[in-house]
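Same chain, two partners: chain A is paired with chain B first, then with chain C.
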Partner chain A sequence: MEEVGMMQNNMEILEKIKQIVADILDLEEEKIGMDTYLIRDLGAESIDLLELAVSLNAAFQTEIRDDDIFLRKLRFYLEEAKTTGRDHHAFLAKQYPFLEDSRIREILNDLNGGAVLRISDLVCYIAHHQQ
Partner chain B sequence: MKLQFTGRHALVLGGSSDLGLELARLLIQEDLIPLLTFRSKAGETRIHERLAQYEGRYQTAYLDFSRMESIQSLFDKVNRNLDFLVDFIHGNLEGLVGSVDTRDAVAYFAENVSARAEVIKRAGRAMLGGKKGRMIFISSIAAEKPNPGQGFYAASKLASEALYRNMGLELGERGISAVILRPGYIDAGRGKRYLDSREPLPSGPKDRMKVLTVKEMAETILFFLSDQAGGFTTTTITMGGSWKKLE
Partner chain C sequence: MSRRVVVTAMGFITSMGNTEETVMERFQEDRVNFQFDDAFRDVLVCPVPDFHLNQYTGRLKNRRYLNRGAGFCLAAAILAAQNSMMTDVQRSQAGLFSGTGPNFDLGEAFPGFSQNEPEASSLQALWMLRFLPNTASSIIAEVLGIHGENATISTACSASLQAIGEAYRRIRDGYLDIALAGGGDSRLNRGGILAYRKAQALHEGSSDPGTSYASFDSRRNGFVPGEGGAFFVLEELSCAKKRKAQIVTEVCGYGCSMDGFSMTAPEPDGIWAEKAVCHAMKEAGVEPAQIDLVTSHGTGTLLNDRMEAALIRRVFSGKQPYVISLKSWIGHLAAACGAVEMAITLLCMKNDFIPKIRNLKQPCDADIHLVRENGQAQLNLSMIQSFGFGGQNSALVIRKWKD
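Right, the complex of A and B next:
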């Protein structure tokens, strides 16, 4: 039951995020889903992300840390893990507690494709901070 | 010319200064709502005394750049109601670059540059919500032509100018603009103290010297906040006609 409730909450968050992203990027909401890459697919730029952070803060009344929600330091963390000899997966899990293990695995396998940030990452961040 | 304004909420940093108070009076007369910051009880009292006739038409808030928590509480009060920002705040650190204590310099830049960056960041985010906003930073001609002993003051002014300029550059397409004013001598605050401390000038140059009055400066700022000045964006304007005369 708890899982169903969480899924429902995530879907509600997703719907709000879709509206916000569509508004900022002037896109059809239908083009946006959980798996959509924010930068790679939708072409979001840094100014769009700043506006998105402000809108998410207003919509969810949650403090948004831009560096965390947009995985901005991801590659820096990976470099740090490498230079200090730590496990990449464990290190990222510590930095991004809102991401599930499966998502971190996905990210690590997807680094060569470009910016890895997905709409689902935003949903997870909001859901995590609402708890 | 009747000035027009897009928005009503103006945050005035350094609101208890002569300039801040004169600007507040003008803003209120234009039916805008200034939120004036003060750093001490005396400053707060001064605001209420000087604006007594406008009770209920302005707000006040505590702000001290050396206390980051005061920035948080200021923006809790601002919430997202912010259309204009005018920044008069600037601490002073006089001394030769080669002699100022490093700890003083570090603290000075922390307050006058780093804390200001935090304020500008939060103001920009508040304005982004409404997709409009105007920021005016009151710099100084000393940023361009400092006297000996003004190295740290000039450096922090220049750094602050750069922060405002980039806000305008980065958020311009979202309706947020910034203008930097570099006044020369103003007959108030630091400028007045400096002028009062000087030996009287020979009659010729003194007669020709232009010292801005508080009223002139406040009216200039009001103009730059107005829609009519919307064409001035991401720019620095020097108002230092008197500079050469004082060298």
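Right, the complex of A and C next:
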């Protein structure tokens, strides 16, 4: 039951985020789903992320830490894990507690494709901070 | 031989329409868009109906940072660029001169403002862009790919005419071959109307919005705020001819000055305004008697119209030109007035049409030729005058183009 409730909550968060992102990027909401890449697919730039953080903050009444929600320091963390000889997966899991293990695996396999940030990451961040 | 500067395209958004056909039709039908403001029920305004910026831009996320005046700038600049048939390379070398106003739209930028509770959390991250004077230029340059010399001019109601004057001079003097110049503005918002109301500059109306506002009438008591924008492509003559551009008019002289007298009121004798007007004619190499038409600043305020009528009487003492006030048709467009009035003046010159000063019953000056009825006449040379808050004066002479 709890899982169903969580999924429902995530869908509600997604709907709100779709509205906000569509508004900021002047796009149709239909173009946006859980798997959509924010930068790779939608072409979001840094000023758009600035606006997004402000809007998410206002919409969810949650403090949004730009570095975390947008995975800004991802490459920096990976470099740090590498130089200090730590496990990449475990290190990222510690930095991004809102991401599930499967998503971290996916990110690690996707690094060559460009910016990895997906709409689902924003949803997970919000859901995690609402708990 | 000095370089000659011509206008080869224009784009305009006005309360009388955005095309030659609609504006000329409105003149003939005597149709204007004066109405009472939604928020301040006793204040007359003249809005542009159904303005949707996305109709001009398509999808454009940075639209969110434009105040309404900057939106008029962008829309008009896009229309002018489209009409000019400039290539990408020509656009990249073009200059850009924008006359913009301050954004007084506090209500929209700060939700909760009207309840005295501006709410920081709902502000955009970059809300300041809605208030920066060069936001219009920045977005025009981005959308149209313009990279040349530029300036944003915010000299109150003189701003857009000065922008055109500056573009003209940079081309004449060889800094540029081609430039976009113009302006856009809107003060039709809570903060804007509040500002002019407090300053007691607004027209106090009657029951019928269309029949009371008249420039140069002895009963005048203030201006009616309007909104809109216009941009022009100015070009060095041989460049225009080489690319077979259609020439609309020649810009032949410009002058500007400052009263150094008052923060708001014009210097009552118009000494410095006259300098600007006379300098524009001197640069154009024309005598006052050659000017056929004066598109006056004609705000309908007590002080401006008195000063301006006396100035026209003095300067054109030999032969009085037709004096019109386009503000009696579209209201006072603040920073945008010079550009939009130049666009409409060009339509009038093309059609040999002289629009009346609407609602003028008791002219405040019997010695100048205040136009009381619509008429037809050959209009070869026109003078456009803008005199702004803070004693900002500018004047431009344009000549009808004949091949």
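Points to keep in mind about this one:
Following the convention adopted for this analysis, the second predicted complex is superposed on the first by the 131 of 131 C-alpha atoms of A that agree within 3 Å, B and C clash if a C-alpha of one lies under 4 Å from a C-alpha of the other, contacts with A are read in each partner's own complex, and residues count from 1 in each chain.
By our rule, a residue touches a chain if its C-beta (ideal position, glycine included) is under 8 Å from a C-beta of that chain, and two chains touch if they have at least 3 such contacts.
Here the structure is a predicted model, which means the values were calculated and not measured.
After alignment on the shared chain A, the placement of chain B and chain C results in a clash. In the superposed model, more residues of chain A are touched by C than by the other of chain B and chain C. Judged by the touch definition given at the top, the superposed model places A:I47 against both chain B and chain C. When both complexes are overlaid on chain A, the residue A:D26 reaches chain C alone and has no touch with chain B. Shared-chain residue A:V4: touches no atom of chain B or chain C.
Applying the stated contact rule after C-alpha superposition, one finds that A:A58 touches each of chain B and chain C.
Clashing C-alpha atoms between chain C and chain B appear in just one of the listed stretches 99-107, 171-179, 243-251 or 297-305, and that stretch is 99-107.
Put simply, chain A uses residues 47, 50-51, 53-54, 57-58 to touch chain B in one complex and chain C in the other.
Touching chain C in their complex are the following residues of chain A: 24-27, 47-48, 50-51, 53-54, 57-58. Considering their complex, residues 47, 50-51, 53-55, 57-58 of chain A touch chain B. Residues 59-61, 63-64, 121-126 of chain C are the ones that touch chain A when the two sit in their complex. Residue ranges on chain B touching chain A, taken from their complex, read 80, 125, 128-129, 170-171, 173-174.
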